[in-house]
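Each in C-alpha cells, the structures are laid out below.
You will see two complexes here that share subunit A, one where it goes with subunit B and one where it goes with subunit C.
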Partner chain A sequence: MRAYLKIAQKSFRNNLVFRAEYFAALLNTIVTILVNLAIWRAIYEEEGGLDNLQFSLIVTYVILALALFQIFTMDEYVIEKKIKSGLITSDLLKPLSFRLHLFSFHFGALLYRIVLLLIPTLLLYSLVYRVLPPFSIEMFLCFLLSVILGYFVMYSLNFIVWLSAFWFYKTFSLVTIKDTAVLVLSGAVIPLWFMPQQLVHFIKLTPFDTIFFIPISIYLGQIPMDQLLFSLLRQVIWITVLGLIGHVLWKLATRRLIVQGG
Partner chain B sequence: MLIQVEQLVKDYQLNKNQKGFFHAIKNLLMPEYQKKRAVNGISFSISEGEMVGFIGPNGAGKSTTVKILSGVLKPTSGKVIVNGMDPFRNRKKYVSQIGVVFGQRTQLWWDLPAEDTFDLLKTIYKIPDATFKKNMDMFSEMLDLHEFLHQPVRQLSLGQRMRADIAAAMIHEPAILFFDEPTIGLDIVAKERIREFIRSMNQEKGITMLFTTHDMQDIEKTCERMIVIDRGDIVCDSKVDEIRQFSDSERKLTVKFGRQYDRIELPGAQMIKEAGNTKTFQFRTNEVKIPELIAELMSRYEVLDLTVQETDIESIIKQIYEGGAPAYESVS
Partner chain C sequence: MYPLRLFLKYFQLTLKVTLQYKFDRVLIAAAVMIREMAGVIILILMLNRFVMIKGWQIDEILFLYSFLFLSYSLFVFFFTGIRDFEDLVYSGEFDRFLVRPVGILFQVIASKVDYTAALGHGVLGIILLQKTASQLGIEWTASGILFYILMLLGGALIQASIFMIASTFCFWTVRTTNLRNMLFFNSRKIAAYPLSFYPGLIQKFLIYVIPFGFVNYFPAQYFLKKPEMNEFWSGFMFLNPVVAAVLFALVCLVWNYGLKHYSSTGNALY
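So, the complex of A and B:
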C-alpha cells in the first residue's frame, strides 16, 4: 500500500516539472469555460425572457462540467509508450500489481489537477459569476460520492481503450473516438436536458452520462430523491461491467506479453 | 546449482503481414502466424557466485534468454530453475530476489531526479533505512552517483544514466543479477567503469551474475566463464582462460613474396588469405617454433617482408560464429 501511495506522490511531483504545460492547461480550462458561458448567454438573450435562476443553473452546470472534464483528463498513452519502449517488462519486474501501479500513477496526476487546476478555476469563476451552492448538504455529500464513482467509470472506460495498444500499433484513433463520444454524450458540454428525448434514451443505455451528468445533476438537486439511488446504482453497475471487460482484456494482454514478448 | 537451464526453447510468433486491405482484414479475423525460433534448446547451469558472460551477435537470442531467466517471458518448452524457483510461475516472489538491467532502456523516472526513483524503490522493496543508506553511500562512492543524483534523468549522459540504472537494480541487494548489454553505446571510459564495478560486486559481495554483450572486451575484463550463443544455439561454453590460452598459441604470419609462386608449402602452417604476392598463414606456436618456420620460409622462397601477429580472442569468437575454428574443439 505504501508503495502505491509513493508512486502517486512521485507522479504528482512529475507533473510539477512541466511549468509551461501547467499554465497552458490552466489557461485552457479558464478560456473554455469562458467561451461556453458566452455562448449560453447569447442563446438566452436570443430566446429573451432571461430567467435569472435558470441562467445561474446553466452557469453552474457549465463551470462544474468543464472543470470536472479537465481533471478527468488522463495521460492516454502511458501503456502504449510502455509497450513501445519495452518498459512494460521493467514494470513486471517489480513485486507490484501492474494495474494498481498504473492507477496510482493516474491518481497522483488527478490530485495534481484537483489542487492546481480545479481549485483555482472554481475560485476564479465563483468570484466572477453567480455560482449556485449545492442544493443541500446531503446532496453535496452524494455529489462527492457520485463524482468519485464518475471518475472510476471514466477510468475503467479509458483502461479498456489503453489496453488496445497490446493489439494495435497505434491507439490514437480509438482514443479520439472515445474522447469525442465522451465529450458529446456525457453532458460535459451540453446538459442532457437540452438533448432530444430519443438521444437521451439512447444515452441512458450507455455509461457516458454516469461520468459527469449524474454527479452535477445531484449537485444541482435535479435528481428527485426516489431516483437518486438508482442513478448511483447505474454508476456502480457501469464500473463493474467496464471493470470486468478491462480485467478480461488485461488477462489476455499479459498472456500475449508473456508469450510474445511485447 | 543456482541457475539451471535445460533444453530451453523459445518460439516467437510472427504475424505474417501480407500487404493489402483484404489481407489486413483477414489478418485481423484469422491471424496467420509464423514461428520464429529465438532459442533453440539450450542447456547450461551457473553456480553461486559465478560470473558468466553471454556473448553473441545481434539476434542470437541473448535478450530472450535474459527475459526468460527473469520471469517476464514464458518459455515454449524446457526447464528453468533459479534459486529453487520457476521464475515464470512464482514471478511476484521471484522478482524481489533478482536484479535486472536492460542497457537499452531505463527504469528511472525520466523527468524526475534519479534520487526519486531510489526513494520509490526503497518503499517498493521495503528496504530498511540503515540498509538503504549504507547501499546508497557505497554506490555513490563507487559510481560517483552523488555528482548527478539531483539532476533530472533526462539530462544525464548515457554513462551516468547507466550507472544509476545499475545501482537501482541492486539497491534491494539481490542475490542474482542479470544484465542485458549493460555497456551498449558507452565510450571506453564509461565501459571500463561499469566493468570494474560489476567485477568488484561479484568478488566482494559474491553476487551471481550473468550478463550479455556483443563486446568481447566486456567478457575478457570481467568474466571467468563465457557462453557463446549464435542463432539460438550455444556454440561454446568454457573458461575464458582456456580460450585465451588457445588464442595465445595461435599466430598469423603475413609474408610479401618477391615473386609469384603458384604453390607454397610451409609445414605446420595453413594459408588463410591471399592477395597478390602477399599471403597470410596461420600456425600454432606449440606445433611449430617461430624461428624454424621463418628459416624454412626463407630457405625455400624469396621474401621481401614479413610480420607475425597474435590472434585475439575476438577473432577466435568470430571463427566460432562462422562455424570455423575446428581446432578449437579440442579445448572445449
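So, the complex of A and C:
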C-alpha cells in the first residue's frame, strides 16, 4: 500500500515540475469553457431566454462537464511507451501489481488536476457566471459518488484501449476514435436532453453517458428520485463489465508479451 | 528547375515512407477524419433545433467550417516539417540539413509530409464544401473559384506562420509546443463559429493576435454576403493574401535571425 501511495505522490509532484505546461492546461480549460458558453449564449439570445433558469442550467452544465472532462483526461500512451521501450518487462518483474501501479500513477495525476485545475476553474467561473448550487445536499453527496463511479467507468474503458498496444503496438488511432466517441456521446459538450431521441436510446445502451451525463444530471437535480438508484447502478454495472473485459485482456496480453528491443 | 525536381524527389520519398505501413496509416487517416467529424457533429447537434442563429443558417456555418479543413489540409501537405520542427531539432537531425547545399527552409518543408492528416482533413473539407455550397446555391464563377483557392492558400500560409513563429523558439531551446497547440487549436475551435457569436475581445483576438478570422470568416463573407459584415471594414474580405504574405515574410525574418543563434543540441540519434 505504501509503495502505491509513493507512486501516486511521485506522479503528483512530477506534474508540478512543468510550470509552463500547467499554465497552458489551465488556460486551455478556461478558454474551452469560455468559447462554449459564448456559443450557448448566442443560441439563447436567439430564443430571448438569457435570464431564465434554462440558461443558468446550461451554463452550470457546460462548466461542470468541461471541467470534469479536463480532469478525466489521462496520459494515454503509458503502456504503449513501456512496450516500445521494453521497460514493461522490468515493471512486470517488480513485486507490485502492474495494474495497481498504473492506477496509482494516474491517481496522482488526477489529484493534481483536481487541486490545480478543477478548483481554480470552478472558482473563477462561479464568480463570473451564475452557476447554480447543487440541487440539494443529498443530491450533492450522490453527485460526488457518481463522479467517482464515472471516473472508474472512464478508467476501465481507457484501460481496454491501452491494452490494445500489446497487439497493435501503436494505439493512436484507437485512442483517437475512443476520445471522439466519449466527447460526442458522453454529454461532455452537449447535454443529452438536446440530442435526438433515437441517439439517446442508443447512448443509453453504451457506457458513455455514465461518465459525465449522469453525475451532472444528479447535481442539477434532473434525475427523478426513482431513477437515481438505477442510474448509479448502471455506472456500477459498466465498471464491472468493462473491468472484467480489461481483466481478461490483461491475462491474455501478459501471456503473449512481445517486446521490441529493450 | 532543379529545386522543383528535388521537391518531387522528396515528395516521392515521403510518400514511400508513408506507404511503408499501409494499414496503420489508413487507420490513422480514418481516425483523424472521425475526430474532426466530431466537431461537425457537435455543431449540428447543438444547432439543429433552430432554423437560424443570429442570422446564420447551419449550412452557412458549415461552409465556414470547410475553409478550416481544406486550408489545414493544404497546410499539413506543405508545412508538416515546420509543425514537427521541434523533433527535428531535439533529435539532432536538423544538423544534417545545415551541411547540405540546399536551402535550409526548403529542406525542412520538403522533408516531411503528414499525408494522413492531409487526407483526413481534406476529404472532410471537400464533403462539407460540396454539400453546403450546393445547399446554399453558391454559384461557382471563374473568379469565385479563383478567389476560393487563393483564400485557401492564404489560409494555409497564415497557419504555417503561426506554427513557424513557435518553431523559432527551438533555436533558443525553449519548448513552446504546448502553448502553441493551445493557442492554435483553441483559435481554430473558435473560428469554427461565426465571429459575431463572440464578445468583442475574442473577435479582436482572432483578427489581430492569431488572425484566424482571415482564414475563414472574412473570406466566406465574399460568398455569403452577410449584413453583419457592416460591423467590420469591408476590405477585410480581401485582406487574406496580404495578411498571409506579410505575416509569412515577417516570420521568415525572425526564423533566419533565430537560425544564426542556433547551436546544436549535440546528439544526433541517427
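Here are a few things to note about the model shown:
Just so we're on the same page, the second predicted complex is superposed on the first by the 254 of 262 C-alpha atoms of A that agree within 3 Å, B and C clash if a C-alpha of one lies under 4 Å from a C-alpha of the other, contacts with A are read in each partner's own complex, and residues count from 1 in each chain.
Note that contacts are C-beta pairs under 8 Å (C-beta built on N, C-alpha and C of every residue); 3 or more make two chains touch, one makes a residue touch a chain.
Source: prediction; values computed, not measured.
With both structures placed on the common chain, the touch criterion links A:F194 to subunit C but leaves subunit B unconnected.
Shared-chain residue A:V184: touches subunit C; no touch with subunit B.
Residue contacts after overlaying the shared chain place A:R13 against subunit B, while subunit C stays out of touching range.
By the document's definition of touching, neither partner reaches A:V241: not subunit B, not subunit C.
After overlaying the two complexes on the shared chain, residue contacts for A:A24 are found with subunit C alone; subunit B is out of touch. When subunit A is checked against subunit B and against subunit C, the one touching more of its residues turns out to be C. Of the two partner chains placed by the overlay, only subunit B lies in contact with A:L96; subunit C stays clear of it. In the superposed model, A:L233 makes contact with neither subunit B nor subunit C. Against subunit A, the residues of subunit C that register as touching in their complex are 24, 27-28, 30-32, 34-35, 37-38, 41-42, 45-47, 49-50, 52-54, 175, 178-179, 181-182, 186, 189-190, 193, 197-199, 202. Contacts from subunit A toward subunit B in the complex involve residues 2-3, 6-7, 10, 13-14, 17-18, 85-87, 89-90, 92-96, 258-261.
If you check the complex, the residues on subunit A that touch subunit C are 20-21, 24-25, 27-28, 31-32, 34-35, 38-39, 42-43, 45-46, 170, 172-174, 176-177, 179-180, 183-184, 189-190, 194-196. Every residue of subunit B that touches subunit A in the complex is listed here, in rising order: 12-13, 64, 67, 70-74, 88, 91-93, 95-96, 100, 102, 104-105, 107, 109, 111-112, 116, 119-120, 123-125, 152.
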